[in-house]
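Please find the structures below.
The two complexes that follow have subunit A in common; it is paired with subunit B in the first and with subunit C in the second.
Showing the complex of A and B:
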C-alpha cells in the first residue's frame, strides 16, 4: 500500500538519537556519584548507600539501586553483608587489596550470581533503571552491575483471552524473564535461542527474539531482526507497538502478526520454524510469520483427538464465514431475490416484516451497531455491571424492539447468530476484522443484492491473496505448492500424518518425527520408562525421536539416540537433561 | 515490479481456467449448435485442440526469449516499430475484451439478478473490483485463481447432477452428419471461446519455471474442453437442437430447469449466477491485469499499477457504446474476427515462424544477449 505513504514527508534522519554519547566511568567515587546524582536529579526512587569495606575500613564503596525494582533482601544479604562484614574478618593484606580491590570484590566479595563489569557509566545507569544495582568502588574505573531485579509482579496465571478445556493452564506474564523461562521449560534444546535487544529510545524495553536455530527460516529471521532494528520510537509499552512497526501492510484490516498469551502455543510455533518476539511488560508474545490459517487455529486443536479438532476447526471457519455474510445474505435475499428461497419462507419473512418502518438494510445496521455497542460496553465495565448491560441489552433489543415493531424477529435471530459466530473465531483480532468487513459487505449487498455480496467477498479474497506476512502468503497453505500442509488447515490431521514441518514456515530440518519409530522400540520404551519424565515427557520424546533425519544436526538432543542406538529409549534421552519433576 | 514474486505452474493453470471461462460459456451451446447441429461438441473439442497447439507454440516462443514478455520480444522479432504497433494492438484487444466482458456481464445480471439496477452501476462496480486486482502483482493474481477455480467450477458441475433425468441424450443424434464445410465455418466462431490462453504471451516470464508452461496450459485447456463439452452436451440434451437456438444464454437456462430436491434453495440459478459472477470477475480482472501490464511495459514504467483506474474509466465508456444485447453480440462477433483470431491465433504463430526463420532465440543466444544488454 504505497499510496498513502507517498503523501508523507520523507523519513527524517533519526531525530532522537538511539545511543547517547558514551560516558566512561571515572575513577573517583565522588565523581561517579555526582554524575549519577546529576542525571538522576529529582528521581527520588533512587537509593544511594555509601559504605566502607576492608579490615580497616579503608575502601569506599557505594551501592546504588532503584527502590522497588530490586530484591532488597538479596542486596542486604549478598552485597552489603558480604562486603561489609565478611571482608572485615578476612585476613587480607593491604597490599593485595589496594592492588585490585575491584576484582577481589568481584571474585570473592559479592555472593550474588549475576555480576557484570561495566566501563561506561551511562550504560550502567540504564541497567540501574532496569532493576540492576550498581556497586561503585573508589579508585576504580569500572562499575559493578549486579543483577538484582525483583519487583512486584503478577505470577503465572491462566491466560484470560485464550482459555482451553484441555491443555496447560499457565500463561505469560508481564515479566519477560518468566516468559522466557516458560519457553525454556518446554523446549530443552540448545537450539532454542533467545536473543535480546532493547527497543524504544526512552523506554528501552527489553525485547527478545526466540527461535529454533536449525528450524527457523533464516531469511525470515533476518527480516525480523532488520525490522526490529529499524524501529525508532520513544516508548514501547506493549507488543502492539512492535506489531505495528514490523507488519507488512499497515493499511490492511487483517492482522499479519499473531499475538498469544500461551507458552505452549509459542513453543509449538517455534517447532514449526516461526519466530517469537517477546516484549517486556506485556503477556502478549508476537509470532511471525502469521497466516490466516494459523490465526484460525487454537493450541487446543493439537491436544484434542484429531477428529474432534478437525470438526471444531471446520466449525470455526464456517462461523467466520457466517459472521461475515449472514446479515448481507438476509438483506440481499429479502430485498432483491425473494425468489431464491422457498415460497413459504419468503412469505413468512415478508409477513414478519410488515409494519417494520425501515428497509432491511437500515434495520440490520441498527441492530448490528447496537450489538457492537453492547459488546464494547460489556468489555469495559466490571463483571457484574457488564452482565447487567447484557441482560438489559438483550431484553431491549430482543424483546422490546420486536414488540414495538421496530425490527423484525428474523433480523434479531440473524444478528444474534452473527454475533455468536463472530465470537467463535479463535483470534480476537481476526474476529474484529471480519466484524468490520461485515458492514462493508452489508452495504454492498444492500445496493447490489447477491451480486454485491459476491463482489464484496471477491474483494476480500483478493485482498487476502495480496497479503504476505514476512514473505509467506497470508492464505498459505491454501495457495502455493504446499498441499501437504493442508492436513493442518481446514482439518487437523493426526499427528503421525503431519510428520513434516510446514514448508512455508520452516527453513530446514523438515522431518518432524519418524512415524515408524514412534511405534517401534524407541517409542514404546519411552512410554514405559515413566519414572524419568512422566507422560508428557515420554510423549514428547517419542514424537521427536526421529528428528535427525533431514539436515540432521546431531547436536539436537531430541533427535539423537532414540533411533541411532536403537534400544535406548527416546524418553530417556529426553528426560535426562531435564530437571525431572 | 521487476523483482516480482513468481507464479507456480499450478497457479498458471488456475489463472487460465478462470480466465478462459467467462462470458463465452453462456452462449457456447447456442453458437456451436447453430454452426454444427448436434455435432457441436466435436467443434468444441477441435477448437480446444487448436488452442492447445497454439499455447504450446506460444510457450516455445516465450522460451526463446527468457525473462521477456511479448511486448519486448515482439520488437526483437519484427523490428521495433512493428513490435510497438503489435503491442498497441494487443493492448487494444485486451481493453476491448474487458469492455465486452463487462457489458455482457451487466446484461446477463440485469436479466437474471438485478432487473431494476442500471447497467452503469453494474459495470462500474465490476470494473472497480477488477481494477483492484489489476493493481496487485502477478503472484496475487495466481493465488486468487488458485482460490477461486474450485469455488466456481465444482459446484457448477455438481448442480448439473439433479438435472440428469431431464436430459435426453438422443438429442445429440444424429452423429457426424454435419458437412465438413459447415464444420469449418463454425470453427471460426468456436475458437474464440478459448480466447484468453494468449495471455501466456505475457505471463510466461513470470513463472518460476517457464519450461512447465506448455504442460500446464495443456492440462488447463483440456479441463476447459471437458467443461465446455459438458456445457454443450447438457444444454443440447436438455433442450434439443431446435429449441436451443431460441435461447440467448442456454447455459443458464439449463440451471433454470434444474431443481435440487429437498434443498433449502428454491432456484439454484441464483446461486449459479453468483458463481458465474466469480468466473466473470476472474476473466475480467486477468484481462484488465494484462492490459495494465502491457501498457506499463509499452511505456516502460517502473510502477504501473496507477494506470488501472484511468483504464477502468476508459473501459467503462467503451462498454456503454452498444445500445442493446444484440448489438453487443454483433460487435463481439466482429471483435472476435478482427482482433480475437489475429491476436489469439494468427499473430503468435506468425511471430514464432518469423523468430524461427530468423534463427532467433536461445540457439543463437540472441535473446539472452539483448536482455543482458538491457538490464546491464
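Showing the complex of A and C:
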C-alpha cells in the first residue's frame, strides 16, 4: 500500500528493562530466596512458603506467590498437596530418588496444567508479579513458574457505553484473558492470531494484538507493531495511553483510533481486516485503522434489517450535522440574515427575543456552556444524584431562564435539539469532537454570519480530508475510488450486497461470502455462536467461579462436569502472560 | 520546525485579522430590527396632505407641523411594521398596538427612510416587505413613477417577489387603517394576493411589473381600494408610456389573465334558458397560433381550453344537469361569454391603448423569427393591425353532488 509511505519516522528505542534479565538463578535455594526477598523488600503481599519433599524429606522446596493475584486453592491442591503429600506416600524406587528431583517435580510432581522452567530469576520475578507462582528447588539452577493467575475480577457484563437493542449483551472486562476468550469464542479460526507484548517500563502491562492472519493488511499490522514497540512510558493504565502513542495526528480533534467495549464489534472488525489492540486492565479495546465512517457505525446496524439500519445511519449523520451547525445557523440567521427565514418565523423570533439582554451569540454560548456543565456534572455524580442534576438543570435552563427573560425560548429549543443530536452520534469521542467544533463554528458565524459558517465547515472538511489513520484516509470510503464500499457508509446495504471486504482495510481474501451459497465463513461462525450460547455461559461462569478464592468450591460443584473443562482452560489461558515468551 | 512555527503564527495572524476586520458591523440582532411589512409611496401634494394622528411627527426636518411645499418635498413615504413583542407566544392578536405605521416626506425614498432612522429606535429592514402600494397621484406622475420603480428595483433588501398594487386615492391611508381580521397590513394584503380564488385582480409581483414595463412598455397593476376596516383589491390600473393610462374593470382584468394563460378559480355566470348558471372555471389552457395569410397579414389565433364545474341550476325532477345536451348548451354559452369578454379586451388594447400587454411580440420573436423580422421595427403598429381570432373550448367536468 503506497499510502503507508507517508508514515512519520518513529523513535527506535529499545525498552530499557531488558538489562535486568542478566541475573541467572542460583543453584542455592537460600541464595535465590534472598535475592527475591531483597528485591521484593517491603512487599508484604509476597508470600514465601518453604517446604520439604520426599519420603525422607530430603529435598528443600519453596513456593513464592503474590497474595491476591493467585488462585490459592489451586496452589494448595495442585502444588503443595501434590508435592508434599503424594510424593511422601509414594513408594519411590531408588532410581527415582537418585534421579533429577527437578524434572520429577516438573513432570510428575506438579499436577497443574501450566508449568514452565525459567533460567533467569528476574524474568521469573516479573512472572511472579503478574500472578504466576514460583517453585524453587534447592540445588537446581532453574525456577519453575506455575500459571496460577486468579485475581478478583469483574465478570462479563453488559457494556455501559455501547448498549444495543438487539445484539449480544456481553462486554469486555478488565481482565485481558477473558477478553481474548470472548474473541476466540466468536472466531474459531486458526487465523485469529493473538500476539502478546508488554508495554510500560514499570507497569509491564500485557497488550495483545489480535488480527486475522490472512485478512489483515500486513503493512498496517507491521506499522501497528512498530508503533507499539516504540512506546516508552512508565505505565499504561488504560488503552487511552496507547491510543495517544499510536495515533497519526496528535493535534487533531478527531479520534483516529476506535475504542469499543463490544466483542462482537471487534470480531466484525477483525473480519474486515482491522487490528485490535487489547490492553490489560481496561475493557476498552482499540481498533485500527479507524475512519469517520466506521466511528459512525454501531454494531447493531448489522443485526437489524438493512432498511432500518440505513435509516438509522442517515439519521446519525444528520444528527451529527445538526449538532455541529444548528446554533451557528440560528445565530447567523438571526443576527445577519433575517431575510432568509419566513416572515412569520422572523417576526416570532424577533418577538421572543425582545427584552433579552444579550446578543444571540452570547446567549448561545451561555446555554451551550450550561449544557456542557450539566452533562459533565451528570456523568461524575452517582446515578440517583445525576438524575437530580438533570431535573434541576432542565428546570433552571428551560423554565427559569426563559421566564426571567435571560434567554429566548427558541434558543432553549435550539440548544436542546443540538444536545439530543450530539448524543445520537454513536461514538462518544466523535460526539465530543463535534461538540468542541461547534463552539468554533458558532464563533465564526457570530463574526461572519453564514459566510463564516460555511468557512468553518470547509475548514473542517479540509482537515478531515487530510487526516489518515494508519495509512487509510479518514473519510474513506466517501473519498477514494472503492465505490462498492459505499454500501456500508451512509447506508447499510443488505449483507449479500456486501460480499466483499472493504478494500481500504483488508489486505487479502477479499470475498467474504458466496452469495447464494449455503455456507459463508463469517455467517457460519456467528450462527454457531448462537447455538452454543448456553454452553459458553456455563464455561464463563466456571472461569469466574475459579477466580474467587473462597467461593471457588461451590461454583465448581455447581458447574459439575463442565467445571474441569472451564477451570483448566481458564487456568491455561490465564497463565499465558507469564509463561509465553 | 521553524517553518512549522512560522506557519502556525501566520495562520493565527490571518485568522485574527480576518475575525477582527471582517463582518460584525453587519450584525444586528433580530429584535433590533424593524421589519417593514408594507411600504406605501405617494406623491406629495401640498395642502391636500393634512392628516391626523402620527402625521404630527412628520416633517421634523423642516421643523414645522405642516409639510410645506418645497422642491425637497416630493414624496410621502409610509411604512408599517408589527409590534413584535405582541406576537410572542400567542401569535397575531388583534390589538390597538399590533402594528405601527409612520409616514414622512422627502425628495426620494432613500432620504425618507433615513428620516425614519431619526425617529425610530430600530434598524429598518426591508427584507420582509410584503406589499408595495403606490398612490394614485404618484402613478399619474410620469417622472416620479419611473424614479420610484427604479429605486425600488435597485434596493437589494426588497424581494422581487413583493406584491405591488395601485391604491385609488392615497396609498398611505392603506397602512393607517386597522383591518378587521389581520392587524398587520402587509401580510394582510399579501394573503389576499396569494389566495388565487378569483381572477378579478391580476396579482403581479414587483419583478414582473418592472419586467413588463421594460419589455412591453406597460403593465397592468392591481387596484386597491381602501375601506374603513378592510381593503378591496379588484380591477386594475394600466400603466403605459411611463405613467397611468386607465383604470380597468374587474372582468377586463380577468379576461386579460385568460389571454395570458392565467386563471384563478373564478365563476362565470351565463344565461341559459333564462336562468343564470354559475360555471366555475378550474383549469385553463391557452394556445396561440400565429401565421401569415395570403394577403401577407399576420394572424393570431388564441384558443382557450377550459375545464370547470357547473355549480348549480334549478332543483327539479327532471335532472337537466344529467342531460348531455343541456350540458353542451351550458358549455357553448360559457364559450360565447369568454370569447366576448376576451375579444372586448383585446380590442381595447389594440385600438384604444395600443399596448401589447401579453408580450405577443416577444412570443413572435422567439417562435416565429421570420415574421418578427418584418414587424420588429414598428411592432406597436403591427400589433394594432394584428387580426386576432379568439375561440374557446369549454368542458364541464362535474355538475355537483345530487341525492
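Before moving on, here are some points about what is shown:
Note that in this section the second predicted complex is superposed on the first by the 490 of 581 C-alpha atoms of A that agree within 3 Å, B and C clash if a C-alpha of one lies under 4 Å from a C-alpha of the other, contacts with A are read in each partner's own complex, and residues count from 1 in each chain.
Just so it is clear, a contact is a pair of C-beta atoms (placed from the backbone, for glycine too) under 8 Å apart; a residue touches a chain by one contact, two chains touch by 3 or more.
The model shown is predicted, which means the values in this text are computed figures rather than measured ones.
Within the superposed three-chain model, A:348 lies in touch with subunit C and out of touch with subunit B [touch as defined at top]. In the superposition on chain A, A:359 makes contact with subunit C only, while subunit B stays out of contact range. When the shared chain is aligned, no partner comes close enough to touch A:491: not subunit B, not subunit C. With both structures placed on the common chain, the touch criterion links A:481 to subunit B but leaves subunit C unconnected.
In the superposition on chain A, contact of A:450 is made with subunit B only, not with subunit C.
Of the two partner chains placed around the shared chain by superposition, subunit B is the only one that A:466 touches, whereas subunit C remains out of contact. In the superposition on chain A, A:336 makes contact with both subunit B and subunit C. In the superposition on chain A, the residues of subunit A contacted by subunit B and by subunit C overlap at 336, 339, 343, 447-449, 451-452. The part of subunit A that touches subunit B in the complex is made up of residues 2, 336-337, 339-343, 447-455, 458-459, 461-463, 465-466, 473, 475, 478-481. Residues 334-336, 338-339, 343-344, 346-356, 359-360, 443-444, 446-449, 451-452 of subunit A are the ones touching subunit C in the complex. Residue ranges of subunit C in contact with subunit A, taken from their complex: 19, 22-24, 26-31, 33, 35, 37, 82, 84-89, 125, 127-128, 130, 157, 159, 187. Residues 8, 10-11, 109, 113-114, 117, 121-122, 125-126, 129, 132-133, 136-137, 139-140, 142-144, 146-148, 264-267, 270-271, 273-274, 277-278, 281, 285, 303 of subunit B are the ones that touch subunit A when the two sit in their complex.
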